[in-house]
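A, B, C and D are the chain letters, set down in written order, and residue numbers restart from 1 in every chain.
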Amino acid sequence: MLSELLATCDYIAKRNLCPATGGNFSIRQSGDKMLMSASGKDKANLKASDFVVCNFQAQWLEGEGKPSAEAALHGMIYRLSPQTQCVLHTHSIPVTVLSMLEAHESAIRFHGYEMQKTIAGFHSHEETLNLFVFDNNQHIPTLAIQLMDNWQEAHLASGLIVRGHGLYSWGNSVHEAKRHMEGLEFLVECELTRKRYQK
Amino acid sequence: MLSELLATCDYIAKRNLCPATGGNFSIRQSGDKMLMSASGKDKANLKASDFVVCNFQAQWLEGEGKPSAEAALHGMIYRLSPQTQCVLHTHSIPVTVLSMLEAHESAIRFHGYEMQKTIAGFHSHEETLNLFVFDNNQHIPTLAIQLMDNWQEAHLASGLIVRGHGLYSWGNSVHEAKRHMEGLEFLVECELTRKRYQK
Amino acid sequence: MLSELLATCDYIAKRNLCPATGGNFSIRQSGDKMLMSASGKDKANLKASDFVVCNFQAQWLEGEGKPSAEAALHGMIYRLSPQTQCVLHTHSIPVTVLSMLEAHESAIRFHGYEMQKTIAGFHSHEETLNLFVFDNNQHIPTLAIQLMDNWQEAHLASGLIVRGHGLYSWGNSVHEAKRHMEGLEFLVECELTRKRYQK
Amino acid sequence: MLSELLATCDYIAKRNLCPATGGNFSIRQSGDKMLMSASGKDKANLKASDFVVCNFQAQWLEGEGKPSAEAALHGMIYRLSPQTQCVLHTHSIPVTVLSMLEAHESAIRFHGYEMQKTIAGFHSHEETLNLFVFDNNQHIPTLAIQLMDNWQEAHLASGLIVRGHGLYSWGNSVHEAKRHMEGLEFLVECELTRKRYQK
């Protein structure tokens, strides 16, 4: 599963969805552990040795380097969702900008897009998909608690946004997490573009 | 012809015209059959084994997996146009957004673009090219019937849009279908950009 | 020089500056001839055999295929400018859109850009660079005559635009023609972007 | 360190951050010298032999070609900041346009972006990052003096903008300079995008 994750990280970097050291990526390990990208790495060139093992409280267990600061948020997703195998955190311009434009909105609502169907559990463009937006906070456990409090709906969307910071998406496999990430990034870029034409 | 289609799918993926599992692609086979990309595949890495044989009613005949949900729309194009050899369905942001902005328009009109000449049968920027837009519908046979009802003009444009969903383009060879797809995607992105400057 | 031109065509295609069969490219040959990309080729995969030899009146002399329709415009540039060795015609979205927005302007004026200095003969951002825009015309000799009539200033800019159609740029080597093309495409995209913020 | 710089130049070219001959790049050498990209090279294909050795006053010492015109600005950064090992000058469309839109502003202020933390010394999106903008000047020593006069704050941002011209970013290693460049380019593109939605 790690080689699939590395290929996905590579794809994410090529599409410029995690510039500088933005972005972090993990997969679930057995026994309430996860393999997590280490802090401060250039996300455009991740290798197996750039990942460390930590528990869901973000405590380092094995490997070189320390886990990304956001590890506790990844851990909370694995705790709340036993079937989740992979979490991807991207840091794109459209997600950053749309979430800052809508400074007081706690969710972005998508309606009418065929692409909604790429998110597990959605079957029609006539449904509404709510993607949660949390205010950014340098204290990651605070974000983790917010996620816990809003899990029901966040889980439905298979993703969430931290304002001015980026998108988290997850899935039951690396393949599904990547599909959710691509689908949500697509939807956000569409909404941002549409907004330009509103009077 | 399949290797040319695979190279085209690869090109489409590199230009990010079919993110997530959006997009599907087919070529005509002898005897009222088509070779169709299977449902749920990552369109960025299509291989020969990701295609299945089905008839024009979208019924599976051979291969691993099931045909894309939109197969019946591909089939209708092959039925209506005996010379068509290839159908490409892309799922780009500009097509999605422009077709949703123009929520009540049944066509996008292009005029004044040299690029119109890349569509078979057009010879001057002074002509007008009408690209049909159908409302999205999860019932694909409904879209197929709409296409039949509007075939005359849709055929002229060598393409059509399903609102909030994407572009279908076709041609007498993979090469021509790709040229039509690139030309129509170009024209849509130009129109979307121009619209920003309208008072 | 042809291998350098092929590398440049490849670069142009990768940056999506000549989608579909838009765009054509030439280099001067001895004896009032030029090597010209053939009509109808996919410009993303040009090979040596996709070029034909023709004279400056666009008449075919050697090679497989026929010269691009715009060959007479290339020929006129070589006739007017004995030092020009290469002409590149790109077909980008920003050039198409900006020239159509300014439907009645016969030139785009650039001022204040460091990038102006990449055009031969310009030495400061405080100078003004006028890039001619001609109305599109399916009769290429008409465009060639217009170019002749406006040669003095067009030559200064090392390029010109045909409205809704694209950019021609040229230089004393493939390297210089490419540099002019990149500089002018950059300047046009900047102007188009700036225009969005004007009240 | 040169091979790391060449890989970074390659990355910068692939992301189209230094079109035409825009952009120049250097690393510190021992004894108040620097290795500097030579003038007039195609920055998309830099090789070791495209760099020359010069002193911090931009005087040529070794190698083929002459140092970039902006070498004196690189030299001033190395003089003011003994720990700086690498200076990158990119020439992107968003930096060019945003700095020209804000024609009378001497700085761009960033607030609320997680990405600010990628700049050395910043720890929260709640801080404010001021990126200096100097008016362009063909006399590079004038820019160097301006930088000296504003060093305290410019150093904080690990970068500065020359209006209509581009971004300079630097760091204690090629890796850090690249991270700062990516972070600042990201922030500028976000600000430019946000500005479109302001009434």
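Throughout what follows, a contact is a pair of C-beta atoms (placed from the backbone, for glycine too) under 8 Å apart; a residue touches a chain by one contact, two chains touch by 3 or more.
The structure presented is a predicted model; accordingly, all values stated were derived computationally and were not measured.
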Can we say the copies chain A and chain B touch using the same residue numbers, with more than half in common, or are the two sides different? different
Most remote chain, CA-based centroid, reference being chain C: A
Averaged-CA centre spacing for the pair chain D and chain C, given as whole angstrom: 31
Indicate the residues of chain A shared as contacts by at least two other chains. 196
According to the definition already given, which pairs of chains are in contact? A-B, A-D, B-C, C-D
Spell out the residues on chain B that touch chain C in their complex, using ranges where they run on. 11, 15, 112-115, 118, 123-126, 175, 178-179, 182-183, 185-186, 189-190, 193-194, 196-197
In their shared complex, at which residues does chain A touch chain D? 16, 19-22, 42, 44, 91, 93, 96-97, 100-101, 136, 138, 162-166, 192, 195-196
